[in-house]
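Okay, so chain A shows up in both of these, paired with chain B first and chain C after.
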Partner chain A sequence: MDETVAEYIRRTVLKIPKDEIKMMLQKWGFLSEAQLQTLNFHQIKDNISQEVVQLCEENSADIKQAALLDIIYNHIYQDKRVWTVYQMKKSGDELEYFDITDFKKKFKRKIRSALKNVTITFKEYEDNAIWIRVAWGTPYKKPNQYKPSYVVYHSQTPYVFIAASVIRSNMPLLCQALIVASNYHDIREMELRSHSLNSLKDIVFKRYSQNFPTNTTKPLQREIVEPENADIRIVQENRSEKERIYRLNQEIFGSGPQPKLEFAQYRLETMFKSDPKLDVLDKKEPFRCLVKFSSPHLLESLKSLAPAGMADAPLSPLLTCIPHKARNYFKIREKKSFESFVSP
Partner chain B sequence: HLATSLPLPSERDHLRPRIDLIVFMIDIKSKYSLKNVERSLAYVDASFFLGKVCFLVTGVGRVNACSIETNAIHKLGKTYCSPVLFCELELEGIRVATAQRLLRILQICAGHVPGVSALSFVSLMRSSDDD
Partner chain C sequence: PPPFQESVDPQKTAFLLRKAWTLYSVTPMYRFRRACLRDYARLLSASIAAEKQKGLAVEVGTELDIKVALSSLAELRGSELDHAALLVQLSSRSKASSRNSEDKLVWSGWFCSMFGDDLSENLPEDFTSLPLFLSHGAESYTALVGSWFQKTFDCCFRRLAISPQNLSWMVAMWAGCKLDRAASAVELVFSVPRLAQPLDISYAIHPEDAKALWDTVQKTPGEITQEEVDVFMDCLYAHFHRHFKIHLSAAKLVKVSTAVASAHCDGIVKILHSQYLPGVLMLLTELAISQIQ
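Right, the complex of A and B next:
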């Protein structure tokens, strides 16, 4: 077995938390159940990984198997990476039957036609997701297995989720290969990024609870707004205001859990508006400014701002439009007499 | 009675008993809360500022999250001749002690303590700087 493959497998196993190693090796399926029985999972990880490498040696593992283990690890720990969403466009409306073998063949051929030193691995999952791992080399160097790109493609949709490697120069080739393989004619990067792959899918597949304005006034809402208010001596003076805020929030955010995003970024290219007497800027050029919101769970925290009394309801549409505009990176420019979004 | 801001909704006027004490709660982590209190103060009748108003600043335990300067708060207390209490609601001991202090203030404002009235607070507010 190649030394580099052995080292790569050793390092991949070391990444896995100790109590998950057995499960992941089973998922991998490269080592037999009998071989797994011989492993002592109670020793330190260093030793476990050495033993795994030895077993892989017995089975003559090559880079393809090692790459598969890496995909399995990254599928389970997908939230460790930042995923960007890309949208593909078809030229016509033809409904083409998707053939997975054809897809893989075309993808590999396109990439290899430009770059011979690559490792390409596919794995299909039950939710129709095709995971692709690409390790990139150069015409003179073997692929760097430690900085691969990961692509998740749902064949029934025009969306691709990419966790790019640090080597950005390979992106155009990757995009080209995707559209050729999937029979689309164009691909564009959406301004939507997050660690949570599932939340990105929720947003573009519209799987989150959306706001449907309702006309019913539910008396039940009273219970929901003040569940802790068991003490009847406490009187809420602004109960109707609280209910209005709650209702507005439900309308804007829906009643289900929000997709998980960590950032919202607004690049302002607007004019600086100040008291003319202050004469801050004599040049009439845009005041460039970047506003970034960050949170472990941005949308949920936005949703709780008004009920917590920390902001007026309704919130600015710049914040609430994030899920249905499917973007969290914005450019705001001056447009005539008012500001507006500009989609790039 | 809890309210998020003043003025109080007029539709509940008939249900409200006499108001003996107004406690304005300011979350030191939220500039918005200070602005809200400043806006609401405009709706308070001048007679309340004779000892029946008090400012309660919460969240002081989280020093790194302070958004409001204590200078601004002291200035507020001075402008409105009202005491300012600081507390941290997340600590039960302080929560209980603060509640007991507020209760004592309320008892005085409601006239339940013979010989002491709300006006006493005003005279206690005068510091040596004023002379």
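Right, the complex of A and C next:
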């Protein structure tokens, strides 16, 4: 077995948390059940990985098998990477039958026509997702297995999710290969990025609960706890305001869980407007700002701002439009004629 | 207050810049003698070595020898009434390496008073007032050095937190500074921790635009009032609210960052521009003094 393959397998196994190694090796299926039985999973990870490498040696593992193990690891730990969404465009309306073998062949052919030193690996998953791993080399160097790009393509959709490698110069070739292989004619990067691959899918496949305006005034449920000794009139005011906020939140965000995004970024190029009494800045040029929101779960966080008294309800459309506009990077410029915001 | 244009020799103070300093307030030191720096260095060195023998909380390996150097920074003071700054440096030299190998600086801390007359004015003779202490390096060394000074000079160190109000003052002041080079953005970082899912908001303004705003707010050059700072902040909050409908004023301002300096509410400061070093130190000295009093 090639030394570099052995080392790559060793390092991949080392990444896996100790109590998950057995499961992942089973998913991989390259080592037989009998071989797996011989492994001692109670020793330190260093030793486990050495033993795994020895077994792989027995089976003459090559880079293809090693790459497959890497895909399996990254599929389970997909949230460790940042995924960017791309959308492909078709010229016509024809519904073509998707042939996976044809796709793989065309993809490999396109990449190899430009670059011989690549490792290309595919794995299909149950939800119609095709995972592609590409390790890039140069005309003179073998592929760098430690900085591959990962692509997730759902064949029934025009969407591709890419966790690019650090080597950005390969992106154009990767994009080209995708459209050629899938019979589209163009691809564009959407302004939508997140660690949570599933949430990105929820957003573009519209799988999250959307805002359906309701006309019914639903009475407040367990959500609000009332203070014990409050003046009855005060409680009543609070209560109707709280109900109003709750209702608006439901209308805008829906009642189901929000897709999980970690950040949103707004580049503001709007005018600064102030109370004329303050006698401050009155420039004719934009007040340039960059605003970044971050949270372990951004949309849930934003949803809780108005109930917490931190924001007005309804919340700004700049924030609430994130899922249905399928973007979390915005450039906001002043619209000339009236007071509303446009994202180009 | 004197103008900010008085600058110290950039060469001598270069080591202060672009480092994250953790801030403390220090009560006046009793019977501190400037002439005895060498002796103090020896005593502190022995104290550190003794603590290491006890096996107490020192991160470096036991092969390392810690050398202590104490020096005065005469330029780092506001007026004649201030004592000169005192610099403490801990360096390590691996016992294993040759005699020619260079010492590696592992920790530095310095005591400073920049126009700290408020505190030093009424002090009895035997006390030295250097109310601001800044440290850079492992927390364990800070503890060792701090406790030696506390024991030896009967003083008290306390972490200096920076309130949102003081952070606002800093960002308004620094946003208005004139800089000859291209400046970095004026950034305010807010945190909304009490939500089920915490939220952080970074609000960065183009430095030219922030300065333009401040210039229209500030009525008297060289002087800043609380009212002007409030107006500046209200303008920023209003602009933000116009877009996002969020009340930034209700969030916690945790960090401000400009091309001049950055400051974090936990009492950590980074000074980026030697020209404004005295101004920043003066402000920090003031904060330290109000914490002591």
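Here is the rule we go by: the second predicted complex is superposed on the first by the 299 of 344 C-alpha atoms of A that agree within 3 Å, B and C clash if a C-alpha of one lies under 4 Å from a C-alpha of the other, contacts with A are read in each partner's own complex, and residues count from 1 in each chain.
Heads up, the rule we're going with is that contacts are C-beta pairs under 8 Å (C-beta built on N, C-alpha and C of every residue); 3 or more make two chains touch, one makes a residue touch a chain.
These numbers were taken from a predicted model, which means no experiment stands behind them.
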Of the partners chain B and chain C, which touch A:Ala129 in the superposed model: first, second, both, neither? neither
With both complexes overlaid on chain A, does A:Met171 touch chain B (first), chain C (second), both or neither? neither
Go through the superposed model and pick first if A:Cys321 touches only chain B, second if only chain C, both, or neither. neither
Of the two partner chains, chain B (first) and chain C (second), which one does A:Glu300 touch, if any: first, second, both, or neither? second
Chain touching more of chain A, residue-wise (chain B, chain C): C
Considering only touches as defined above, state whether A:Leu36 meets chain B (first), chain C (second), both or neither. neither
When the two structures are overlaid on chain A, which partner does A:Glu241 contact: first (chain B), second (chain C), both, or neither? first
Quick one: classify A:Ala311 as touching chain B (first), chain C (second), both or neither. both
Share the list of chain A residues that count as touching for chain B in one structure and for chain C in the other. 309-311
Hey, which residues of chain B end up touching chain A in the complex? 1-5, 8-9, 12, 15, 30, 32-33, 36
Touching residues on chain C, where the partner in the complex is chain A: 185, 192, 194-206, 209, 212-213, 216-217, 231, 234-235, 238-240, 242-247, 250-251
The answer for chain A against chain B in the complex is residues 234-238, 240-242, 309-311
Considering only the defined contacts, which chain A positions touch chain C in the complex? 266, 268, 270, 272-275, 278-283, 287-298, 300-302, 304-305, 308-312, 314-316, 318-319, 332, 341
